[in-house]
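The two complexes that follow have subunit A in common; it is paired with subunit B in the first and with subunit C in the second.
And now, the complex of A and B:
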């Protein structure tokens, strides 16, 4: 973990295949498909953000509409400063690999992350290095999550693709891997490719 | 066996019928009250009559007028609202270990350029001998009192004021703030029993009043208005002033003139059953406050000194609330207006109830599940330390129900 890494949240639920985390700041969620990481022993566990949500901190207290007399949403939050303490933003992730030393592995790590592990954004270099292999797409394609899988895969490729130069073969390699995975499911392949624009 | 609602349904139906019948009668009495309230004639004479009255009920002391009403001023650009509330786990005599817990919720809400919120709770376990028994000394004789029940409740109130004073002390110089507590500033619980003087001294002089004074002393470097908010108040102080007004005798004296009279035959019976909130709900418009009155309760007049409690009524969107303030707020026009405008603003933000108080309650509340968890954790620690946990047979029988 580098000192410059941006810490965005903390794990509140964990399993081998994924984890959920609470953001330290309300609404400071990683983007859908963004690569995040957690340290466990000597391993950085890498995961793709597959859903984000904001809700009441206490399940029994439902948020109510408060802004009828407010000029803007910003005013609403400024005039109700307690909201930042009573609401929480959470995101869930799918583990797609890990990093040990300088090497990246595109399969599940031996252990899940610990509860209360800190969650960081991955640096551009880590995203580029992890994207050198497309094996993680195989993991992503097989999971069940809150958003449609074609949305998640396309979002992940868009976010990772943004870190690559236009001359890079990232998109071509991704396309080939998708064609391999969805060789028998043309409709889904088309849906993903249509969302890469 | 759960409550058999079929058996109680008939009684509930009869109760509803009686209430409906008495509503017409109440409307007539409220009309009487409003007529008197609207034109009280000579206020100076009424003040004199109240001062000399000997009544069996509490009568408001009138300061300036009876029926004035005031709109709130605009709130300052920058201000804070501080609030505390508390709850407790009382001593459970069915548990072998004597202990209890006070949980204080504290809230600081800062509005304006740099809005911020701080919501916290502060649990305090009372388990040592000196925590659980209040003892007299040679200067304050009396019998020992166990800290439980109503005494624990009063100690909780003292802690609420203590935390509120600490929150206020952390305000920067020049700050405008409202310090809010729930319920009355008058420690009515002290009147519920014959408490020895040292208990009154501990709870009142060394407790609530000391902390109220700490808050007052922060002025004028900071502008801190202390107030308490009483929702759905059942007070009748102002209606009782109208009773004195209607009393045909020169000097109202209930024991002397009406002691043996039938309730309905008393001259002031025309105002029976009317609360101050009924009058002010009709009289005030939303956000308006009434005149400021003083409570003439004995404890307030004899023990509160500079913290003597005054009050006004405030109409919110949903109810008439009684706002109690100490003398130093009542007599400082700026603080009085600050308390009014900030309470109104808090009620608007909190759907009719001050948002800071509602969050302080949420921080403080101890649910039934919390209580169970507290005892489980305690038992875990005790057995971990190889201490025998004894529980009464009655408590066990409630936990393990059988047929």
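And now, the complex of A and C:
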């Protein structure tokens, strides 16, 4: 873990295939498809953000509308500072590989992360290095999650693609891998490719 | 480019020995780069296979792609799909295999197995072609290049002349060109002596090329080895050809067998043909002369009655014989017999080209070719049998070239003519045929099946293709290659003298360099010659 890495949250639920984390700051969620990491022992477990949500701290207590007399949403939050404490932003992730030393592995790590592990954003270098192999798409394509899988894959590739130069063959390599994975499901393949633009 | 590097085309994904092997093209190989007829090698786990591409097809992993063809408009999507979800496959027929150390010594062997899944399929390179077809040498004559390759494709001429062979193709596809090349090869290597019945005066002195100037004939290239005989002295003189002998045929040389062959062209009835045998029995060798002199009605009716020949039949026969007698090169008697002269030249190792000059009608061609060949057959049979009995070297192989072969070898007459016999059994007596024809379906099936090596230019009639490929294993595979040949300067060779079928572009003939290469003897540094020295 580098000192420069940006810490964004903490794991509150963990399994081998994925984990959920709470953001330290309300609404400071990583983008859909963004690559995040957690350290466990000597490995950095890498995961793709698959769903973000904000809800009441207490499950039985529903938020109520407060802004009738406020001029803007910002004013609402400024005039009700307790909201930052009563609400929480969470995101769930899908584990797509891990990094040990300088090497990246595109399959599941041996152990899940611990609860309360810190969650960091991956650095651009890590995103680029991880994207050299497209094997993680196989993992990603096989999971069940809250958002449609084609949305998730397309979002992940868009986010990762942003770290690559326009001349790079990242999208082409990803597309060809997807064409392999979805060789029998052209409609889904096309839906993903259409979302890459 | 390193000429010995292999270009990988794809991998084996399915196949059987009978149906051929299916290979999937690699992503970076465009289906448009592949041509039917290309030679490939497949590297199996323990052996290498040589084969020929005979079909190319497009495939998709999901039929849904075909229902959204609008995808093709998007270069990004179509770029991703090509080679992954949409890809090309090719069908390869394996012919030869090279495996363990033993077969390395013996060379490639006929294929009895197929490569395993995912074996890489590569375009054959120069080294492969040399390994399979041999390197150019005195006996290995280069006939051209395999399609899309620069390496020389060689033909084992001694093996070639051991059996009767055929050159086929539609009119104007280059049969004459190929034949000239083959004859030049035989001349250059000395593998056999040639007797060419040159119907259109194409081989002897000067030949023609479509859309190009004249080309040199065999006499111009190998003046000391070739002699030109002519039936039409005047025509030869007009064309400035120096001839060695003017052929005249005496009536007494013509036998009823010759008339049998001419039945169709002379429009004779079956009865008229059988009457010739009776007339010959009565008059001996002078039967034509005597028959033609039967003018007096009384005399002729007496003869006819005694021979039991109907008058109408006799008239029919006489009209036919008159056609023969009207040929300017026939006369009741000749001083020097052409047969003897031809044999004398052939025995001295000289190649004979018989030009027909203006007598291009089929009657003259069939008559002369059959008559001469029959005598030559007898002589060769006699000589070979004597040589075998006395344990002497056998006579030098003789290759007789005939054009319009279906006239001699059609099912109706093949069993009766000398050419049918030669095609079937003369191999034993060192005489073989080189038949040239544009309608192979007209040739008797039995004769076709006995032809050792067949070289065929483009054929488009289904019947002709079937007849050329009859008896070949993997016939359907070759059919697609044959039907896709270019209409000029491309041919397919298969059979006895080549280890596997191959489509090729015949070598150059007609440029000063080509003449030089053909007429100069090959410098052979191969091991064969070293062995000969010992």
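Before moving on, here are some points about what is shown:
Everything below uses one rule, namely that the second predicted complex is superposed on the first by the 197 of 197 C-alpha atoms of A that agree within 3 Å, B and C clash if a C-alpha of one lies under 4 Å from a C-alpha of the other, contacts with A are read in each partner's own complex, and residues count from 1 in each chain.
Quick note on the criterion: a contact is a pair of C-beta atoms (placed from the backbone, for glycine too) under 8 Å apart; a residue touches a chain by one contact, two chains touch by 3 or more.
Since we're looking at a predicted model, the values are computed, not measured.
The superposed arrangement places subunit B and subunit C next to each other on subunit A without a clash.
In the superposition on chain A, A:64 contacts subunit B only, with no contact to subunit C. Counting the residues of subunit A touched by each of subunit B and subunit C gives the higher count for C. In the superposition on chain A, A:85 makes contact with subunit B only, while subunit C stays out of contact range. After overlaying the two complexes on the shared chain, residue contacts for A:175 are found with subunit C alone; subunit B is out of touch. Within the superposed three-chain model, A:41 lies out of touch with both subunit B and subunit C [touch as defined at top]. When the shared chain is aligned, no partner comes close enough to touch A:15: not subunit B, not subunit C.
Shared-chain residue A:25: touches no atom of subunit B or subunit C. Here the smallest spacing between CA atoms of subunit B and those of subunit C, following superposition, is 50 Å. By the touch criterion stated above, subunit A contacts subunit C in their complex at residues 171-172, 175-176, 178-180, 182-187, 189-190, 193-194, 196-197.
Those residues of subunit C whose C-beta lies close enough to touch subunit A in the complex are 27, 61-62, 64-65, 68, 71, 76-77, 79-81, 83-85. Considering their complex, residues 107, 109-111, 115-119, 348-349, 351, 355, 359, 362 of subunit B touch subunit A.
Across the complex, subunit B is touched by residues 58, 61, 64, 66, 69, 77-86 of subunit A.
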